[in-house]
Amino acid sequence: MPPPQTVSKRARIPVGVLGATGTVGQRLVSLLDGHPWFELTAVMASERSAGAPYGEVVSWHLPGEVPAAAATLPVRAAAPDGSLPLLLSALTTEAAASLERPCAQAGSLVVSNASPHRMDADVPLVIPEVNPGHLALLQAQHLGSGGLVTNPNCSSIGVTLALAPLAQAFGVQAAHVVTMQAVSGAGLPGVPSLVALDNVLPLIPGEEDKLETEPARLLGTLVGSGRSARVEPAELRISAQCNRVAVTDGHLACISVQLARRVSEDAVAQAWNDWRAPADVAALPSAPARPVVLLPGDDSPQPRLHRDLAGGMAVSVGRLRPCPLLQHRFVALVHNTVRGAAGGALLLAELLAARGQVPGGWTPPGR
Amino acid sequence: MPPPQTVSKRARIPVGVLGATGTVGQRLVSLLDGHPWFELTAVMASERSAGAPYGEVVSWHLPGEVPAAAATLPVRAAAPDGSLPLLLSALTTEAAASLERPCAQAGSLVVSNASPHRMDADVPLVIPEVNPGHLALLQAQHLGSGGLVTNPNCSSIGVTLALAPLAQAFGVQAAHVVTMQAVSGAGLPGVPSLVALDNVLPLIPGEEDKLETEPARLLGTLVGSGRSARVEPAELRISAQCNRVAVTDGHLACISVQLARRVSEDAVAQAWNDWRAPADVAALPSAPARPVVLLPGDDSPQPRLHRDLAGGMAVSVGRLRPCPLLQHRFVALVHNTVRGAAGGALLLAELLAARGQVPGGWTPPGR
Amino acid sequence: MPPPQTVSKRARIPVGVLGATGTVGQRLVSLLDGHPWFELTAVMASERSAGAPYGEVVSWHLPGEVPAAAATLPVRAAAPDGSLPLLLSALTTEAAASLERPCAQAGSLVVSNASPHRMDADVPLVIPEVNPGHLALLQAQHLGSGGLVTNPNCSSIGVTLALAPLAQAFGVQAAHVVTMQAVSGAGLPGVPSLVALDNVLPLIPGEEDKLETEPARLLGTLVGSGRSARVEPAELRISAQCNRVAVTDGHLACISVQLARRVSEDAVAQAWNDWRAPADVAALPSAPARPVVLLPGDDSPQPRLHRDLAGGMAVSVGRLRPCPLLQHRFVALVHNTVRGAAGGALLLAELLAARGQVPGGWTPPGR
Amino acid sequence: MPPPQTVSKRARIPVGVLGATGTVGQRLVSLLDGHPWFELTAVMASERSAGAPYGEVVSWHLPGEVPAAAATLPVRAAAPDGSLPLLLSALTTEAAASLERPCAQAGSLVVSNASPHRMDADVPLVIPEVNPGHLALLQAQHLGSGGLVTNPNCSSIGVTLALAPLAQAFGVQAAHVVTMQAVSGAGLPGVPSLVALDNVLPLIPGEEDKLETEPARLLGTLVGSGRSARVEPAELRISAQCNRVAVTDGHLACISVQLARRVSEDAVAQAWNDWRAPADVAALPSAPARPVVLLPGDDSPQPRLHRDLAGGMAVSVGRLRPCPLLQHRFVALVHNTVRGAAGGALLLAELLAARGQVPGGWTPPGR
């Protein structure tokens, strides 16, 4: 770990990507290209890719070419390396379970998109616009100068962002969620085309459980402080049913919601329209002007038309109407590999950088 | 109308198809080919197709060729014609609203797949396995020797068949339904491919309303008799959200259900497995051996794999598990143009024929 | 028509879009948003849309929202209007046949994406990088101060751009082309989803004929001058077979080519890599840095990955290898609604503006 | 190997399937269910599946359920076993290369769908309707009482069946073929859905080479006899370009053909319409009434509408018209996993059984 005094105020913060060859890893590499605060200096993947230039190893599936700066970086075997102040992790579940805490213990701040540590009591699970205060949990970690912060599941991010304005304005007691999720969420090779074409797959292993537990934690309350800080989950019951549909990007969800008190549709619309991120979050490079956008029209949002709103960082909602069983129902859309994964993790890293929580005294250039 | 005494006991019953060139009309023509009881003798469509042979006019979209016997039938302008004892209607909503009652008044028994008359107090809305007794409403109609019977909406049929065994065994108080529906349900031209590809359309105009009202009528009770007979709808609240997905055939629904009493998952499975149609319905030519099939495996049913079960006449269910909000949840699948439309109407016509309710004394051959 | 002296050197050139509500019209409106030279001042469509604001009339199908400036423009019935110096036409074939010449005669310069006048002897059919000299045909038109210029068919543009470097370097005698075309090429409603899903449609009416005739004209030679100028088509035989596949945007073509002399694969690759637009074309706002891009990798180009290269304005080629029947074969990709339609027409309009051929003395701001 | 005298004339011939769990293996198991001549008695797959019942091991992807008789068969590790007179092989290329000759040497007649031995000088490569005489090559094999016969590549079968009537009537000198192939051809997991959706993949590794060489062998001439028999390939040059499209089943090909002499389109159509299989082939249980069917209509064949013609065993052709470069062009369609794989191999096995070439004196029941 470089001593703080060596850090130039004008240098960008060096960033490594763990699991750089997968679909989320590629999105991270793509989003880091030309980033004003971060400089991609290390791409890490499995042992067997190590040594070769990233551009030769990766099976690039995003539109356009591998960013030139990344293409020539030699791939390194994913391993703890304290010389990297910031690591964005797109590791598989298995690799994340074994590698992320050691990376943090070696002195890196790890911002992870993987699931194994999301519900750990000492690990912040954070959407910057929703619960930035939960980052205080970092003080409860015993990971030396490093740390571990997690980005929620892709569907959880979409649903929680749509619910957060309502939770803050009225309270949310229950939500019934049925998702129609894009195949990019399964990575590569992911869902075979013979399964996805002319079909719906009514099962996404493990997904419903995440979607039924993560939002309550995200909307929960930080209690205690310092080493005894912990998150009390919100009292929010969720029923989630997750389906895979023949869409490349964009998870759509039909949501019915029970609020803590009866309010009109207009009030719900107002809550969404008025909702903004805290000022320091709104000022981050990747922050959308409005995190939740209520679309007009009775057939919106649609994955192909609205997933790229605000560069894929805004969640769109629409079709707000009464529910005969709960109170209100609506449709929500999140770009699963941008806001729901790589972009969400990047925004989280930006928030940590802006708050001076990157080890080694690194701060955004010019600050 | 031919006098009864002229009817040979060995002749098949002459059938006309109204709206024969659309997607449901084509399915009807296809299912009638080689039917043991019915003989297709008239194909009727809009004025502008009249005169030409059916095979030249129809833009056939089903696998295989136009059935040879149908191909040479001259298309007739859809109009009342009492000489046809039985009419199967696949008319558009508008045409059905203006033509179906006149056709019945002219002396035909009209079995309709269209929506305008489904909720009329004097018109039976029937799924043969679920509420055959509602056909007694025919006595309340003032349509001379003719009559009008309706087949429910394609999604309503799937959802109601899945709920009927539970309603009969335990009572159903509420259901939360989110559908993922095939594009064939919109007919031709229907949904533009530019809208369907890489997308989900979160609106199907009019569909949610049908799905929230028809099942309660189908599961309702016939009260009174003769001319004062009417249907008391079941006390069943439904929330329906309908989406169009990139699937050719097969509507999938995620259903959460509140039963009148708490029962185990095993009891629900048992109710499905034990459920059979009444004996006279089960004996009909198009009746599936089991109207509802509980599939093993945790990723079933799937449209491409299971829509053709029992020739497309069986509804399949799966993924039964507890719901954190209501009591149970599961996935149901119906082939929307077979059981959900043409096949359902045909089964209804078969039931009417078996019960001797086709005008002119027509009965199935050999009976 | 405004007298030349009233034109400010700093004003953007007023542009009207004919057929503004269709898929190509929407792309034009989208590409004109924020254009440095052109200002969208009139949107014209069919009579029945006239009067209402564009944003209310159009069924917008592109990602994102209707550009704000366009949304409030009142839609006008498409009709000749000499007060508009420049008209970009995305009219249907029928409307174009009856309206485009009258619009030109009224004094507008019409740059059309429609097909009826493409092969007219006095109408330039132009790809700016390929045959800008053919614009001299304008002098052969008897359309007063107005004029009519046409943009080729979407597939013709892709194939001709791929062939042009080879034609210029070696001569091209014959090409065998099989296309796999996107559904956006058929507009809206276009191909029904029930036809496109899980299917290939081996017919695109009229398309093969265009693809077999337009490239020879585009690669032809301008002979004569002034009023007697005409285009001598190149001696180039093309066999075209056109298919519609389940792709939203991007026409892919498998091309086998017979050159006028035997050259190596390396020479062909070199010809593509060296090829650049004439300097004045290369300097246009919408011109791609390289009009034809040879991609590495043996499985490129692919519609989803490469259609947006250079904002959709570059044609990509790949899989160059010997052909056992002709000499070489390769795969080419063009974004059919950008370079193949709206973007191509816009580039053509930019070239005409840069050359001072817009009526009324209009030139690009600052020139 | 059972001595011939023990074989009952009324028993079905025992058949084993090698590679029974893959997509082609599943088709074989499905087609063998209820087969009049063959009885599936052994399912063989990789070592790790061995021991468990087939129904539990297989990830069944075909519509409907695993056939009941197959579901309870214990999976065996694929290995030579002379007690099985007939083996249908759907092994992977690697497994086929190492296992098929040993299986034949052990005394089984192996009918293989795999590619490694197709071009071996002593191995018949046969389409029953096209070149049944090539089975005489079996006498050139030194494989004891066993033998090895191969079924061509799925695309080669479609193209060769379409060309065979023309080759026999007029001679075929050259063919230019561009295919649009279904994803089922890649098996499972096969092409990732993220690659197939909204895309075309312009590369199928190894496919073009097969399609450029196999038809010439299939249309070739058997010369010599007994141990010196060999196949002289036809003089037929083919250019093949293979693409993967978002279709579940059915390979479509655009074919331009150069015949040995100039004939009219009508003559070509006549050649297809007149063509029939040799009588003994036409009498086989799986033989289609007509192996090649010329469809009317200018937009046929289409994968979704015509792949199941004759149960998937007929190749359909259409859109016959002149080619500006070669002589004629047309479109051909083959169901790749039925006629192009499992069904083709089964038909070949039936032919061998009918000709008495199954070891152990086995003949079809009743013969």
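Which chain is which? They are A, B, C and D, in the order written, and residues in each are numbered from 1.
The rule we apply is simple: contacts are C-beta pairs under 8 Å (C-beta built on N, C-alpha and C of every residue); 3 or more make two chains touch, one makes a residue touch a chain.
On a predicted model such as this, the values are computed, not experimentally measured, just so you know.
S.K.: Pick out whichever of the two, B-C or C-D, is joined by more C-beta pairs in contact.
M.R.: Pair with more contacting C-beta pairs, C-D versus B-C: C-D.
S.K.: Which chain has its C-alpha centroid at the greatest distance from the C-alpha centroid of chain C?
M.R.: For chain C, the chain whose C-alpha mean is farthest off is B.
S.K.: With chain centres defined as C-alpha means, what is the inter-centre distance between chain B and chain D in Å?
M.R.: 41
S.K.: Mind checking the centre-to-centre distance between chain C and chain D? Centres are C-alpha means, answer in whole Å.
M.R.: Roughly 45 Å, centre to centre.
S.K.: Per the centroid of Cα atoms for each chain, what is the distance between chain B and chain C, given in Å?
M.R.: It comes to 49 Å between the two C-alpha centres.
S.K.: Identify all positions of chain D at which a residue touches two or more other chains, and write them in rising order.
M.R.: Expected reply: 61, 197-198, 246-248, 304-305.
S.K.: Under the touch definition given earlier, write down the residues of chain D that touch chain B in their complex.
M.R.: Residue positions touching the partner: 61-64, 197-198, 248, 304-309.
S.K.: Hey, which residues of chain D end up touching chain C in the complex?
M.R.: 174, 176, 178, 180, 197-203, 212, 237-239, 241, 243, 245-248, 252, 254, 256, 298-305, 318-319, 323-326, 329, 331
S.K.: What residues of chain B sit close enough to touch chain C in their complex?
M.R.: Per the stated touch rule, the residues are 23, 61, 183-184, 186, 188-198, 246-248.
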